[in-house]
Amino acid sequence: MSGLTPTETPTRPEGAVATAIAGWRPLRLVERNVLVYRRTWYVLAAGLFEPILYLLSIGLGVGALVGPVAVGGGREVPYEVFVAPGMLAVSAMNGVVFDTTFNFFVKYKYSKTFDAVLATPLEVADVAVGESAWALVRSGAYATAFLLTMVALGLVQSWWAVLAVPAAVLIGFAFAGTGIAATTWMRSFVDFDYVMLVVVPLFLFSATFFPLGRYPQALGWAVRVTPLYQGVALERALVLGDVGWGLLLHAGYLAAMGTAGVWVATRRLAILLRR
Amino acid sequence: MASSPEALVEARSLTKRFGRHVAVDGVDFRIERGEAFGFLGPNGAGKSSTMRMIGCVSPVTSGELRVLGMDPAGDGPRIRARLGVVPQEDTLDTELTVSDNLTIYGRYFGLSRTVIRERADELLEFAKLTERRHDRVDPLSGGMKRRLTIARALINRPEALLLDEPTTGLDPQARHLLWERLYRLKQEGVTLVLTTHYMEEAEQLCDRLVIMDRGRIAGEGTPRDLVARHATREVVELRFRSASDLRAALPRLAGVAERVEPLADRVLAYTGDGDATAAAIADNGVHPAAILVRRGTLEDVFLVLTGRTLED
Amino acid sequence: MSTAALRVVEREARVFRRLWRGTVFSAFVTPVLFLAALGLGLGGLVDEGGGRVAGLPYLVFVTPGLLAATAMQTAAGDALWPVMVGTKWARTFHAMVATPLRPRDVYTGLMAWTALRTTLAATMFLIVGAALGGVPSAWGLLAVPAAVLCGSAFFAPLAAYSATQHTEVAFPLIMRLGVMPLFLFSGTFFPVDQLPGWAQPVALASPLWHGVELARSATTGTFDGHSVIGHVLVLVGVLALGWYAGTCSWTRRLAG
């Protein structure tokens, strides 16, 4: 038992060494989630399953009933080629929404996971950044698996598609930051209906299943400013090899959204957890 | 503030406010290295708020606080790296197993996996949880969860262990096992800082303590010291059949002891010699339903200092 | 149904009065959004591209599909987590069987309650679908009982199963690996004969396909006597088997 006590090193260098090793502290939260999901990896796998099923059902199934889709520049592509990048963006969003809202709520409100974390050298910002970082890992993994599925189905038309994975991570970042920030205002599980109230319309109306041109004009402009649309447009351009400087606008939108989200989340969590 | 290097924690006019509510109202205290220091007081006395400020999880509203010679406002992470915290509510990670709880907590401190593995084996042994190491946390009993929380708090070999109401909610058997473990830590030289509203716990574990009530410190000293100063060596407890019997007896109890304290359900007579006082009471023609002579305790100290019982 | 089971319906209705918002959202708003996005938006592309699906405009094809699928999703959701709440987390069902209620009354009562809610959701959905032009026939009213029958055929066996479970770990998997694929491939969004050969018998075995076909007969007003009887028989058969299994497993769980 003597090993449990600091008595053998009365000048206490232990703590200082520990702090030095800790390195980038938010990474510890990522490690925690890896430990959790090591046992429940199938939950992660199941999250990828959904966009793939949509690709098969709507993309290939309904796609067989649909003619080629105009994607601008006088170019037309088969429907499944049109839908696939949209589902890629959706998989990146799905990868984070549940973790940063529902799961985050349980951890901060019921399991008091973050109260334990904050009794260690970690700070509130480490929690917000770390949980977002985990979300990026998850979206990156989903996007990679999804992209490989697309390649296998012959739905990728350009080498630019390699950038689809970092783009998906950016989508994940945008939704992670805002997801955590929004969750700090949730009072009970009933409030998660509002999350669905945002996510479901985004999923259905971000030029995912049909092009912008089919929306009534006013609605089309509304869609253009929503976040998932930025992701879908970015992914679609990369996968089709339709690359231009305009894409930086989409990327900038997503980066700004994620940064603002993490910033708000950090401030809110400081109020809630450091009382 | 002239802080000598030995002090582990030093507080001057330490204050914590939540909105208009004053939880801690300008307290002064000093905790030395290697001692077991207690905050004794009823619920709502401000003990947990004080503890959370020492643990650098709750910002100080006003006053001065130095922990390990540093300022919690600027050096939170560096201070916390050298403390172990056992919060009042269990904050174990329910999504992880017993041993994973230790692992990830060690990682929060930036310890290497090898170091954690060695210490985890030892700590599981200490917490008597070696057999349960691969189980989830949820099905563990209350006592096991507390022991795991303490083991977790020791993973960074802290210089001080902060325990907030460590045995509240445990059954007597689990409580005694926990006391025994904490006593072992104390023997090994770990500084213990604990809050409690059990006077028995304070007497068993604390070298020195402060009595807190309504955000202020009402008294300070070793348990023995406090009893000697504020209570008497012995106390005669008288119970009556009814409140009217109790009221009727009071005039005849005047002068039988150094001090007579009527409570709702009983009367306490503070005295140096319990048997003599009991005899005097009988001589005065008072015949309560039950009479008990016991030694003076911290419970009595609290009553004398605050006019209330700890259970209030 | 016994009057005892009605007590259970009453209890659920009381709870619902406080939590109706979430239910209305999942049971009504979501399907309507799907109808708008896929029926109108995607439907426009389909109708432009090649014309008709199984002889129908796409919106007319997809409306009854979504109607039956919604009933399935509502019923499946009700048959999983709420059962865990009642048997383990809050143990409300244990409290119920401490009264004259029997386990089978609790089970049947919950099934009746879910049927009531699906009726409500299906009716609202049908009104919206008709307003958008997805329900050409007045026989479409019969699509409501078809959807409710379909939902109950999912509730009965799933609730029978969840009463045997002591943790909820399998529930999300059932929703994602069972219910979700059925939703997407049971003739809801495109005819099952488009599926690869090996998958067609699987789709035909799915109760949802039978529910979708029944609902589609109703909303389009095209009844083929033999197949209608066949679909009803399959759904009633699943419901009866599920109910029998449910009375057994609920008795074991609550009175065992």
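Note that the chains take the letters A, B and C in the order they are written out, and that residue 1 is the start of every chain.
One rule holds for everything that comes next: contacts are C-beta pairs under 8 Å (C-beta built on N, C-alpha and C of every residue); 3 or more make two chains touch, one makes a residue touch a chain.
Just so we're clear, the structure is a prediction, and the values are computed from it rather than from any experiment.
Because contacts link the chains only in sequence, without closing, their graph is best described as a line.
Relative to the centroid of all protein Cα atoms, the closest per-chain Cα centroid is that of A. Inter-chain contacts peak for the pair A-B. Subunit B and subunit C have Cα centroids lying 57 Å from one another. In whole angstrom, the spacing between the mean C-alpha positions of subunit A and subunit B is 45.
Note: centroid distance subunit A to subunit C, computed from Cα atoms, is 31 Å. Put simply, subunit C touches subunit A in their complex at residues 19, 21-22, 25-26, 29-30, 33-34, 36-38, 41-42, 44-46, 48-50, 53, 58, 169, 172-173, 176-177, 180-181, 184-185, 189-190, 194-195. Listing the residues of subunit A that touch subunit B in their complex gives 1-7, 12, 14-16, 18-23, 25, 28, 31-32, 35-36, 111-113, 115-123, 273-275. For subunit A in complex with subunit C, the touching residues are 40, 42-43, 46-47, 49-50, 53-54, 56-58, 61-62, 64-69, 79, 190, 192-193, 196-197, 200-201, 204-205, 209-210, 214-215.
By the touch criterion given at the top, residues 18, 55, 57-59, 76-78, 80-83, 85, 87, 89-96, 100, 103-105, 107-112, 118-119, 122-123, 126, 152, 154, 156-159, 184-185, 188-190 of subunit B touch subunit A in their complex.
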